[in-house]
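Take a look at the structures listed below.
Common to both upcoming complexes is chain A, partnered first by chain B, then by chain C.
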Partner chain A sequence: MNPLASKKRASLLLIAPAALLIFFFLVLPYLTIVVMSFRVPGDGTPYAPGFTTGNYLHFFSDSFFLQQTFNTLMIGAICTLVCLVLGFPVAWQLARGNSRLRGIAYGIVLSPLLVGIVIRSYGWTIILGNNGMINRTLISMGLVDRPVGLMYNTLGIVIALSHVFLPFMILPVMAAIQGIDPSLESAARSLGASRATIFRRIILPLSMPGIQAGCILTFVLSLSAYVTPALIGGSKVKTMAVTVVDTLVDTFQWPFGSALALMLAVTGAVIVVIFARMTRMKWKAA
Partner chain B sequence: MTEVSIERLTMDYGVHRAVDGISLRIRNGEFISLLGPSGCGKTTTLKVIAGFEHASSGAIRFDGNDVMQVPAEKRDIGMVFQNYALFPHMTVAGNLAFGLEMRKLPKAEMQSRIAKVLEMVQLSSHADRYPNQLSGGQQQRVALARALVIEPKILLLDEPLANLDAKLREEMRVFIREIQRRVGITTVYVTHDQAEAMTMSDRVVVMFGGKIAQMGTPAEIYDQPASVEVAKFVGQVNLLRMKVEAITGDGGMDVSGPFGVIKVKSIEGAAPGRAVTVAVRPEAIDLVSPSEGQAATIASSYYSGSLMDYRARLADGTLIDVQTFPRQRFADGEAVGLSIPADRWWPLEVTA
Partner chain C sequence: MSKTFFTIFCLLIYAFLLAPIVVVVLASFNSGAFLTFPPQGLSLRWYVVFFHNEVFWRAIKTSLWIAAVTTVISSIIGTMAAIYHVQFAGKLKETVRVAMMAPLLLPEVLTAIALLFFVYTIGIGTQTVLPLIIGHVLITLPFVFINVSASLESYDVSWTMAARSLGAGPFTRFWRIMLPLIKPGVIGGALFAFIISFDVFTISFMLKSVGMSTLPIQLYDYLRTNFTPEAAAVSSLSVFLTLLVVVVTEKFLGLKIHRF
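Our next item is the complex of A and B:
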């Protein structure tokens, strides 16, 4: 055997464990879902024999599901934007700051990841609820006389999800900023650029790889989040992920639930691809 | 075209005084080098001129106007950084256009200026490349072009050749100097490489510990160093301890040492009986036959192609470095004579 072929064989062997894991626990289940989404809904059973496109027709003909898909995508987009706006300055400080507090700040940033998602979401219900911390404070201060609706609505879901996914924005953006040579800022200044211009023309475009990664992560995670929207949204506001689980578990409609899940995945993927295209960095490829 | 004057400039970082009251006048169109070891304050001085750092005290004037309160982006300075600091997400033309866009130049003028400067640095065909598609030398030229295209008052260069290999570095010295002459721009060049400073500059400013140790033409710095420190930092030097025999009336003095009694320029504090340090450069010494010069034997030799470095031992054991062209070769242990023209001796300081 020639050395090139044996090298190739070695690298295949190295990839194999991960590839097998992905195949059996991601590709195969996905294929099952795809097949399931074309099955005929059963009566008393999860599905009946035969195949149909009826599940998708149902999705496209019912404005309730279309509206809910749209709402879910909006929640994802808003969370992404909130995380970017809140996360960028933090990422900047972590990357460029030389304060001794940097280590502590880093710990605070990572802290949402250290607590289980269920506990975190319950934590938010304590803070956001009608009888929660925020409303009690506002009422006792006399600023409002009725509780402000912070739970069981989109606002509450956005607040809680943004908190949960903030680290996924901060970390990649921080890594990108760390890769920017500080002398570029000096060079831009010497060429006559103001601080705002340096940010817009130098820092922002060069942080783009991190911003892109952070936005895609946050967006995808927000779309697929289940526990947080389920707890904060309750029965009033539902995201697609919650509806999918309801459809599968409560009403036992496996084929239609699968179609819903796939429609969410496909629309999300389309948006991610469009976003990646729009933020493509020509200089990176060069 | 700008004259720069620096007056009693001091820069403190906490308790550390990086620049200690330096004063310097840079003439219109002059190429000046700040030369010194790392930490001598040369880069700090450059940063203060550029406006990136704020001096603790002192003044900097461009054509008589105090610029201490003018922020870096308004000082109209062209700067070349050690790592080039090219914008990686912009093409060569984009990098050059950046400074012109800040000045809101009309598009047509921008393009003609960029084309002109790119031609000057011989990169016209690379306008659409990204920096990571260029070699180190090409990136260096883009950095120079970007600094020059804005037609700044002053050009500042911070160790611009430090990241290039030796051969390219020598080429770039000549290249930068030629362009500077053609543009006629006042230039401050920071380096720790004495050969670079000597070959490129009109005047060299040698700095140690935040202070100016000496300032003068390259020949003055080399042939008439102001101190032992300067003499050692700029090139190789033999330092010999000698005794003052007499102060002569014509501003000179007679000193005695391993080479007998020689006549040198008198220096401050010199009096008969005092010890002085006298310098002589290795290449000022000729190797002749033992009968014609000071007798010595070759202790060791180093051949470097165009030059030959010898270490010769005098009768009293003193080791003298000699540099010659390898036209005539001497073997280790061979008896030679050392011949030194009287005007190549340079007294440095009184030591005792």
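Our next item is the complex of A and C:
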């Protein structure tokens, strides 16, 4: 055996543990969900022997689950939009700013990632609750005489989720803006382009890869978020991820829960692919 | 004018980002029996209640040792994978990267469910802590991988060559040359692994063994039925701990975090 081949073989030992871990505990488990979704629902056990397509038929024939899937997708889309609108200016400031405060600002953007999601959602319940900060303030100022519904509804979920996933929008967009040569902007300005034109014709198209990455991340994360909608929505408003976990943990319907989870994943993935196609084409044409 | 408006807009968003964390910390010093705003007075009352609460302390201990074990395993496996990825993968480089990042890109709730079914299908179930550790290693692996890979990209292979020509064996080359040079990446990755493992909820919630509880699970259970500021005291302690870990790591070990 020549030395090059033996070196190559030795180097495989480096990747072996990670590769085995990913294969056995990520690839195989995902295949298990697919198999599970075709299992026969059990009586007293999580599932029974045999296979069926009944779990999917159940999903498609029940307007409750269809409606909930739609609502979850809408929540995801709205969160993505909110994060983009709120995140872009901050990403721009972080990428282009040169003040001493930039380090602090960057730390603030990263800070939510270092605090557990349960704690962050809890913080939002303190702010949004009927007895919470906002309602207390509004009542004491005499603006309203009954608490405004900010929690246990879709609005509360959207507010909290947008907060939780905002860093995932800011960081990729910031990276994309950092990659744009500032002299392009000066060139455009010297040729008489207005600020709006520079934004529309230069910044936006060139930062598109970052925007795309940020949108996809935010969308996927908000679809699959569990803790935040469970705590903010309570038992009144449920997103699909909450229903899936309830179906699995509380009522032990593993096959049906798997079908629900996969339907959400598949519709989410289809939307992501359509979005990626659309944004790419549009900006190539422009 | 528009520049002022822009700055104010950004400041509001920074406030929005910090709001829930600041509110939790403020609420923990509330002296009232319920969470009210403005706080009814300053006191450490809820910290005292929490310090006497056995349940939360057990959960914190569980979380700490699980995070420690996870960090060690994840750092070793992730660093090895990163070395392969940067120096040996060749044509497979992109494939390796996607595979290693997969646990971060796939929805956590789906990964948790998948692992739960899998451990039951192969018969190990959730009687032991093993499934939980596997889940934590899986979810923290991308953070180690990406941080170490970033450090390795600026590592010059000719340094390894030079050491070899001077007679250093593979382990000496790793310990004496490569590891000290990629240290910031390894430490950054390990730090992230520890914090993520300490904070992760869904994976732990699905894979925990009966009667076991990590801090996020305990908090979540508590919050579903209780509204006293005790939870705020627990949360604040967790925030302070994280902050302490980050600051100490930064001061003494030097830190460079690459999250994406």
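Following the convention adopted for this analysis, the second predicted complex is superposed on the first by the 262 of 286 C-alpha atoms of A that agree within 3 Å, B and C clash if a C-alpha of one lies under 4 Å from a C-alpha of the other, contacts with A are read in each partner's own complex, and residues count from 1 in each chain.
Just so we're on the same page, contacts are C-beta pairs under 8 Å (C-beta built on N, C-alpha and C of every residue); 3 or more make two chains touch, one makes a residue touch a chain.
Being a predicted model, the structure only gives us computed values, none of them experimental.
Judged by the touch definition given at the top, the superposed model places A:Leu206 against chain B, while chain C stays out of reach.
Of the two partner chains placed around the shared chain by superposition, neither chain B nor chain C is touched by A:Lys236.
By the touch criterion defined above, A:Met36 lies against chain C but remains apart from chain B after alignment on the C-alpha atoms of chain A. Between chain B and chain C, C contacts the larger number of chain A residues.
Residue contacts after overlaying the shared chain place A:Leu191 against chain B, while chain C stays out of touching range. When the two structures are aligned on the shared chain, A:Arg9 is found in touch with neither chain B nor chain C.
Common to the chain B-facing and chain C-facing surfaces of chain A is no residue whatsoever. Those residues of chain B lying in contact with chain A across their complex are 50-52, 71-79, 81, 83, 85-90, 98-99, 102-103, 129-130, 132-133, 146-147, 150, 156.
The touching residues of chain A, when paired with chain C in their complex, are 8, 11-12, 14-15, 17-19, 21-22, 25-26, 28-30, 32-33, 36, 46, 86-87, 89-90, 93, 105, 108-127, 129, 131-133, 136-137, 160, 163, 166-167, 171-172, 175, 195, 220-221, 223-227, 231, 241, 244-245, 248-249, 254, 257-258, 261, 265. Chain A makes touch with chain B in their complex at residues 181, 183-184, 186-194, 197, 201-202, 205-206, 281, 283, 286. Residues 2, 6, 9-10, 13-14, 16-24, 27, 34-38, 76-78, 80-81, 83-85, 87-89, 96, 99-100, 102-103, 105-111, 113-118, 120-121, 134-135, 137-138, 141, 145, 195, 198-202, 205-206, 215-216, 219-220, 223-224, 231-232, 235, 238-239, 242-243, 246, 257, 259-260 of chain C are the ones touching chain A in the complex.
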